[in-house]
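Below you'll find the structure, written out as structure tokens, and then a few comments.
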Amino acid sequence: MKTILVINPNSNPDVTHGLAEALAPLNIAERARIECMTLAEGPFGIETMLDAESVVLPLRQLVLERTDADAFVIACYSDPGLALCREATTKPVFGIQESGLFAALQRGNRVGVIALGPKSIARHLPYIRTLGLEGRVSERPLHLSVAESEADSAYPRIEEVARELIQEDMADTLLMGCAGLARHVPKLEDALGVPVTEPTQAATTQALGAVLLA
Amino acid sequence: MKTILVINPNSNPDVTHGLAEALAPLNIAERARIECMTLAEGPFGIETMLDAESVVLPLRQLVLERTDADAFVIACYSDPGLALCREATTKPVFGIQESGLFAALQRGNRVGVIALGPKSIARHLPYIRTLGLEGRVSERPLHLSVAESEADSAYPRIEEVARELIQEDMADTLLMGCAGLARHVPKLEDALGVPVTEPTQAATTQALGAVLLA
Amino acid sequence: MKTILVINPNSNPDVTHGLAEALAPLNIAERARIECMTLAEGPFGIETMLDAESVVLPLRQLVLERTDADAFVIACYSDPGLALCREATTKPVFGIQESGLFAALQRGNRVGVIALGPKSIARHLPYIRTLGLEGRVSERPLHLSVAESEADSAYPRIEEVARELIQEDMADTLLMGCAGLARHVPKLEDALGVPVTEPTQAATTQALGAVLLA
Amino acid sequence: MKTILVINPNSNPDVTHGLAEALAPLNIAERARIECMTLAEGPFGIETMLDAESVVLPLRQLVLERTDADAFVIACYSDPGLALCREATTKPVFGIQESGLFAALQRGNRVGVIALGPKSIARHLPYIRTLGLEGRVSERPLHLSVAESEADSAYPRIEEVARELIQEDMADTLLMGCAGLARHVPKLEDALGVPVTEPTQAATTQALGAVLLA
Amino acid sequence: MKTILVINPNSNPDVTHGLAEALAPLNIAERARIECMTLAEGPFGIETMLDAESVVLPLRQLVLERTDADAFVIACYSDPGLALCREATTKPVFGIQESGLFAALQRGNRVGVIALGPKSIARHLPYIRTLGLEGRVSERPLHLSVAESEADSAYPRIEEVARELIQEDMADTLLMGCAGLARHVPKLEDALGVPVTEPTQAATTQALGAVLLA
Amino acid sequence: MKTILVINPNSNPDVTHGLAEALAPLNIAERARIECMTLAEGPFGIETMLDAESVVLPLRQLVLERTDADAFVIACYSDPGLALCREATTKPVFGIQESGLFAALQRGNRVGVIALGPKSIARHLPYIRTLGLEGRVSERPLHLSVAESEADSAYPRIEEVARELIQEDMADTLLMGCAGLARHVPKLEDALGVPVTEPTQAATTQALGAVLLA
């Protein structure tokens, strides 16, 4: 039995609970167990670069300490500490932005990212350039907080932004640009008829493949 | 129970048998069944652009006919017919070059592709540019045929090329640039200490995630 | 006397007739003859990826059979079968999208492509990236069918889109993004004062040079 | 009867004579006349950036004065004054490096440029980036002067460099990186079996199309 | 005592006077003297490519003649003659567009350039591509002449364009896209809270470092 | 009197002393004081990603605490904490890799970076892509430790690598890829005749301009 450790780097257990729910379909009884945990040292939410930075060394420490885990997912869209954790272990470590973009690009040619706000987009842009994908990605902001975006009431705004990404930016595959938006995915796919990728599911899929094949 | 159809586009059943073996660990009893099949219309091997082209319309036809399948993998490194099959169905379709490159890039910064020969590399280059990854990929040729590269005797040459990719081209993650080289992967990882991605496993991992989450 | 074979890959003879008219000025008596022909196997119009795909192997076959021809032009803006035909023969083969973009970029810095609709643009984008030109091209849709765009009544809409390309996207050279729009070119050049490239003329110019120099 | 003015920007009449010979097959009796002329103000050879710069304003002046010409070719591989001449006239003006690269890329995927020396290559690199083609071009130096490279005795070295471009840099289409090397082209094509583009012929082909279609 | 020669390539002494004022804070008594001079041969203003071209050889001549100078700044946003002057001397020569872009990119991730008009932007685009920065720069036009843009009355329009660059184009660092706009910088920084780079100051800073360290 | 705080993020005071020496020429009596300090929390040397990461939050803390400083230089070639410190303050903060690359690119077209070893290069590559400069930079390794590279005895190896960058990679401007190599710069410039940029001097030049102009 292999273990995939999905780490919610903020200290909000509700978010961790939401992750567990979104990832439940990827739990393979008796082969690969998905454990979602809350990073004790994390801030309550990760909204600034400082928030993201503050979890980098704790994430690395956790990766080293959890010797029972076979693969790791860092479940924050900023991919904090991804390169550092990869330097620290030979086990596979996945970041949800990277996995999400690559997964979405396997369902279409141009990915539209539904981001929380302009500041998130500004943080994502240099990273997208680092990945080499600047020619294949558009982002548009919801102008919502993390908490607001997770509520059912956010759906109409999410669909509106998704339509703009499709119509104005030629996106034919969509990606949720934040960890907690899984609940909106099925509704959005039904409404728009294009594939919508949820990034924690994308990264955990990579982890699942890695542990089954190891 | 979901079905993932992995299509070997050449008509050599030995290759299909090898695929089934390489993908066995991804078979999830009672949740997702992996069916490996041989494309009847395929040439015995796919070595030229014409070989690849000849399977494009048959692949599309198969995707339309196999309404029982929930996801498709086209198991030829040229990704023949990938865009066309995606146009034909809303079900997920994965190509092993695309999935392999994206998977390998989730284990390091610069992927080294072990290719069969210079002509394969010449065919891959424009595609890599289409994917936006030209700054992150190096390829080097084995100068071996498909059949030669699959034999155990090919291993020393494979390791030699892998070392060049690491030492000369700064690769820190490797990808087998052909469908039938799974047997060399564990040995190569042990010898070199860097992750080695097998592309049919990478694409089938994507398919597995897609069907479990659907 | 050399022969340039310009192939209309759809089976609509009116389109072929229009090609012949547009290319007549490039006919050089006693040196190079331009023969425009209809591909018997082609669909009546090429509007989807499937349409384009369906002509690839017939085009290759034709290139092999017409041993009397000295150069070939594939007169469909999707450039179907271009790479495959080039693999099949050492004679020069030209595609009108590729030739059109390169020709337009020899009349200015940034090319604006007048495309039929959003789906055409979506198909062109990955190809433009393959060519390396993503930083130099903008496309805007007419939202017209092939037949509509060829009519005189389409001109006002064509000029409107052309103006947007110039004013919003900084285009200083324009390209018709479809094979049958030659009749609008002189009017458009007069109205806007920027060079307008017709892509079948661009590809046939390449072919003319190739056969005269061979 | 249209006139194409091919300007040799250096003042060496032998070079102009060589141009006329290389371009003779593109002369279309009674339709388009190719006139090759020597720029009186030019240096005897163009080997430095200063040499190239010194002809820019004289070239522009010539373009304005020769109101009888219908299209212009600037026959120096540095493309001196190309943008400026295009600003000065609405008539088409072609540069041989730009035309040569675009023509060669219509015969293959990756162009190998046979350059005179490292300093030429250093001058070409930023220009290739300006064109957007840095991912599709390799250059290698002959380490020969202009005069040396034009002699028959230069052929073995030219073939040697061409083979390196093909074998080491994956070039499948070649371009002579200087104006006076037309005589080596047929021999090189025969020896190597890949298309070889001569850049003054490429630019004059563009000019020929432009005047026939005007 | 070192000398930095800042050359105003147009012949308008008011512009030179403005430069001297903007650069006064970089004058380091007894270590490095900044001399602002007017290029006698320059046109009264540089608004076209021809204007820019006309100063290239005079600038080179000046660089060679002023053997007393230790570093040079070419104070025109088109960076006329920059490469040529660098070929002519081993002393450092700086261009204000290049220095301005690089300086602005050291204060944020994405630079917004406040340009005079669409024609300036069209001239800048290929140069930005040459620099490799096309993914990090947006430009928007003031639709003002040089003279108009320097007046206090231009400020509201400048702030308006700056806000668009920030809000629409995600710029987090701004650059004045013309030499004479220093007076607007402090007001703009106060109003918008983002860093604003003045390009002649940026280039002269480079020159100052170079002469102090020589 | 303005203060530029140059922070050596490792805790080795000898390195700090070397910085002070290299930056002495940029000290402008009575205008701008350069203070070089050692980061108490830093590791003795920064050789891994973990070393770099460990100083990020302490650097940010220092930037916030040193309210008397007017500009900051982070004197480690990995640019640790650069984005985070910029988020924390509106004062200018410079990183030596970023400043070094931009400064070197103002002395030539293609920068050659003299790096310590392959692992440094692997760390630099994604960052160079983030900066947008992957087409303009080559790196080659000394295969020396920090301590070894600072010794006079390292010079012959440094010159050897520099020559390879110039001859093999077409570099015409060089950059020391580590903070403590200032002593080799004059000798290298004399030997090779190309400009050599020392990155702490480049970043401090930016800081000097910023404080003089504030």
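Residue numbering begins at 1 within each chain, and the chains themselves are lettered A, B, C, D, E and F in the order written.
We take it that a residue touches a chain if its C-beta (ideal position, glycine included) is under 8 Å from a C-beta of that chain, and two chains touch if they have at least 3 such contacts.
Remember, it's a predicted structure, so these values are computed and weren't measured experimentally.
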From the options B-F, A-F or B-C, choose the one that repeats interface D-F, i.e. more than half of its residue-numbered contact pairs are shared. B-F
Looking only at C-beta pairs that count as contacts, which pair of chains has more of them, B-D or B-C? B-C
Centroid distance [mean C-alpha coordinates] between chain D and chain C, Å: 25
Report the inter-chain centroid distance for chain D and chain E in whole angstrom, where each centroid is the mean of the CA atoms. 34
Find the geometric centre of each of chain A and chain E from their Cα atoms only, then give the gap between the two centres in Å, rounded to an integer. 42
Which chain C residues sit where two or more other chains touch them? 126, 129, 132, 134-135
Mind listing the chain B positions that touch chain D in their complex? 118, 121-122, 125-126, 129, 134
Quick one: in the complex, what on chain A touches chain F? 48-50, 53-54, 56-57, 60, 81, 83-84, 87-88, 126-127, 129-130, 132
Along chain C, where are the residues that touch chain E in the complex? 109-110, 135, 167, 170, 172
What does chain E use to touch chain F in their complex? 25-26, 28, 31, 86, 90, 92, 94, 98-99, 102-103, 105-108, 131-136, 193, 195, 198, 201-202, 204-206, 208-210, 212-213
